[in-house]
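Here come two complexes built around subunit A, the first alongside subunit B, the second alongside subunit C.
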Partner chain A sequence: MTQVMLNALVVGTTYALIALGITIIFSIMKVVNFAHGQLYMIGGFVVYYFNVVFGLPFWFGLVMSFLIVGLLGVAMELFLFRPVMLRVKREEVTMLLAMGTAVFLESLALIVFGEKQRGVPPIATGIVELFGARLPTGRIVVIVVAAMLIAALMAFIGYTKTGRALRAMAQDREATALQGVNLKWLSAMGFGLGTGLAGLSGGLLVAIFAVHTGAGTAISIKAFLMIMIGGAGVLSGAILGGFVLGFLESVGYALLPGSLTFLIIFLIVICFLIVRPNGIMGKPWG
Partner chain B sequence: MQKTISMPNVNLPQSEQRSSALKPIGLGLLIAAAYFIAIPLVFGANGYLLNVFTTMAAVSFISFGVWLTFAIGRINLAQAGFALIGAYVTAILVSRLGVSFWICLPLSGAVAALLGGLIGWPVLRLKGVYFAMITLCITEACRLTALSFPALTRGAQGIVDLPLPGELSLFGLTIIPAFEKGARLPFFYLAGTLMLLGLGFMWLLDTSRVGAVFRSLRQNEDLASSLGINVAKYRVVAFMVSCFYAGVGGAFFATLQQNVYPTTFQVLDSVYFMVYCFVGGLEFVIGPLVGALVMMSSFELLHEFQRYQTVIFSGLMILCILLMPNGILSVVKRSGKPEEATNA
Partner chain C sequence: MSAQFSIRDLAVSYGRVRAVKGVSLTAGEGQIISLIGANGAGKSSILRAITGLTAPESGEIWFDGERIDGKGPDQIVARGVAMVPEGRRIFPFMSVRDNLLMGAYRRKDNAGVASDLEGILTRFPRLRERIRQQAGSLSGGEQQMVALGRALMSKPRLLLLDEPSLGIAPIIVREIARFITSINRDNGVSVILVEQNSRMALKLSSHSYVLETGKIALSGPSHELAENDDVRRAYLGG
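Up next is the complex of A and B:
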């Protein structure tokens, strides 16, 4: 059981990172980023290319995965979402736009990266014994890095001026603009931060699981499950949702045959949403 | 009591609506003539193209259901899931019990509608992105269900070699002869009939009082319930009709391809059904048909680009949304006459 709990911790911390990214985008833009899983996948490939193909250190690749996928997000905001959001009659169109982007990125990745599964050499060797369970050192490194990143992100949003502006924009765009905050710059940056986190978690997880071009949709669905459990648009809810899903998944995989686990998770989430439609931490959204 | 309620949006164009009823009927006849007479005459010899048109008609039939859930203000991504349910109902009944296809077709729709009602009742309480996300999960859950119970669905191997539809006869009178092996025209006509029936029913529904109730749900559910409308009942009815369309369409595809796998309908298909509605325009009953026609024919035209096909296609899709965020028909309408007071 300790083993299962430790696995849940590994998966949970990285999932929390994914959920945080999608939550930031949702809370400031009111857009559900359906392309999140595809951006995650691209992050994984960025690390693979820098580490394996170009022979540079893993950590350099990780930084690059944040920067490259983050810049991709900024471009998406500037050239796709902003012009469409200004002109649409119905807000669903932005969701469709995100889906179109997801299909586009995935088919583009299939051409550029190919169909093969890609992994990187282990970032650390050896096995650590912890409370009677054995865990490869690489996984512990991933947990620690992911936890540090989450802490850094929460500190950034909670205590810096930019973070405060982001929170203000999530609450009320117009009032924030009246306070002299440059919304154009800020929303592009917030979008880039969210997608950058997707890239970062993809880059981090490629150290444990191999990545392939079709991985995106499954990750997007998991991200939706997490924010539905935790509550859309709430950062603490995203972290909680990540850990809950990580726990359910690890327990499920330990006890049940493969495809049944997620079927049961879906049923649990549907039943849970009937009781609490806004998730654990969520506030009602219009 | 209920009859005296006048919905905020129907009292305006009452007289106008009646006089313009001829136009939609004319348009429907035109589509029927184009589909049943012109296409077989022009492309009848080309089996591949006939297949494309068959698929297009059946896909727009399924998309009408998505359109209806849009009409009540919900983003429905579960359509592929219910189509998969319909496909499996037909496949299991035809292959295991030897039930006639002509019974399975409506039965698949009924089963999908029933399940849709059961799932929809609680799930429809959610709105906006929550509903979109949960319906996406339902599509994925349907695929996993098909994978997880191989005793019934044969898992990933799928159910293959389904027989072609037999003859449909009533009191010894043959109405539809048995489908021949390799013949494409019967499926072509069947898909067209389904499409026209689906379109006609949607149009009747949209112009009836129920259609006005559905639109009022999209505008403001609280206001609608304050007028004495049973909101929960109407939205479940709309969702069940949508699921019925999905189930019938799924059964059709299972028989057309003579097989069904858990991946026959998946999340991407749900997205495409939605895209067809959007590209056509959400304010028009005929929107899904126009969207499916435009998107699927452009996909076929891009066939020459081989492995770049999907990239260019999705790129065009994004461009389409960028240039016409409110659908193709909205552009046509705007150029034709000044913007009317739409219901949106």
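Up next is the complex of A and C:
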């Protein structure tokens, strides 16, 4: 059981990182970013290319996965979402736009990266014994890095001027503009931060699981499960949702035949949403 | 009287509805002027146009010798204009402290920000008691204090107030009225006050404009308007 709990911890911390990225975009832009999983996948390939193809250190690739996928998000906001949102007010339109972007990015990735599964050399060697369970050192490193990134993000959102303005913008855009905030700049930055986190989680997880161009859709679906469990638009809910899903998944894989796990998780989430449609912590974030 | 602020022939439309149809007004440095009139007379639309939240259809807006219409709210705030919007529009899920600090978003002088924050908390001791609470959990009057304090944190030279007395207990309205007078007198901030509470508006301001369906129906020194029979009948209840 300790082994299962440790696995849940590994999966949970990285899932939390994924859910935080999608939550930031949802809160500040009211956009449901269906392309989040594809951005995650691109982040994985960025690390693969820098680390394996160009022979640069893994950590350098990880920083680049944040920067490159973050800039991709800024471009998406500036050239896709903003012009569309200026013209139409209906939410379905941005959802369709996000879905279209997902399909586009996945097809483009297939052309550019090919269909092969790609991985990187282990970031750390050896096995650590923890509470009687055995865990590869690489996974411990991933947990620690993901936890540090979550802490850094929460500190940024909670205690910096820009973080405060992002929270304000999520609550009332006009009132935020009246404080002298340039909404155009901040929206693009917030979008880039959210997608950058997707890239970062993809880049980090390529150290444990390999990446392939089709990996995005499953990640997007899991990300939505997490924010539905935790509560859409709440940062703490995103973290909680990540851990809950990580736990359910790890326990499920340990006890049940593989394909049953997500069938049961979906049933649990559907029943849960009937009782609590806003998730565990459903309220706007702040 | 030098006109620090002026509007010339302003028109504002929402789709096909013309809310403001050719309004001109001026405010001198350190003056309080008020706009009074019924719901839908165009008062809020004028304020929205000044801050750049709504782009004017035509007309000019001048502040400190510079034309500011067509600029975005962030640039207008940077030039020293702050607004307390109708309904307060505080950030409900943020602490009182974070709300006040949002007002200082464009300022770089951290020491000045800290001392101004301290000044506002001294002026409104209730906010000091609730500094860590979520602003949405405060009473209407306390929220209005947060909104006023937030606007002042940007160190404005022109303060726009949209219905500061709306939905607030009379005892707090008096406190807010005293506050408006004191920031005008002590800090030299010019004020444009939009109010349905015409009695309060005429008392606080030196000059007033009466708006009817998007046009200025009457204007003059506030103490004269307060004695005008038409104004008394229409806006002061006899």
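By our rule, the second predicted complex is superposed on the first by the 282 of 286 C-alpha atoms of A that agree within 3 Å, B and C clash if a C-alpha of one lies under 4 Å from a C-alpha of the other, contacts with A are read in each partner's own complex, and residues count from 1 in each chain.
One rule holds for everything that comes next: a residue touches a chain if its C-beta (ideal position, glycine included) is under 8 Å from a C-beta of that chain, and two chains touch if they have at least 3 such contacts.
Just so it is clear, the structure is predicted and the values come from calculations on it, not from any experiment.
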Partner chain(s) touched by A:164 [first = subunit B, second = subunit C, both, neither]: second
Subunit B versus subunit C, judged by how many residues of subunit A each one touches: B
Subunit B versus subunit C as contact partner of A:83, first or second or both or neither: first
Touched partner set for A:274, first subunit B, second subunit C, both or neither: first
Interface residues of subunit A shared between complexes with subunit B and subunit C: 285-286
Touching residues (chain side subunit B, partner subunit A) in the complex: 70, 75, 119, 122-123, 125-130, 132-134, 136-138, 140-141, 144-145, 147-148, 267-268, 271, 274-275, 278, 282, 307-308, 310-311, 314-315, 317-318, 321-322, 325-326, 344
Sites on subunit A touched by subunit C in the complex: 161, 164-165, 167-168, 171-172, 174-183, 283-286
Of subunit C, residues touching subunit A in the complex: 51, 53, 72-74, 77-78, 82-83, 85, 89-94, 98, 101-103, 105-106, 134, 150, 154
Complex interface listing, subunit A residues touching subunit B: 26, 32, 80, 83-84, 87-90, 92-93, 95-97, 99-101, 103-104, 107-108, 110-111, 217, 221, 224-225, 227-228, 232, 257, 259-260, 262-263, 266-267, 269-270, 273-274, 277-278, 285-286
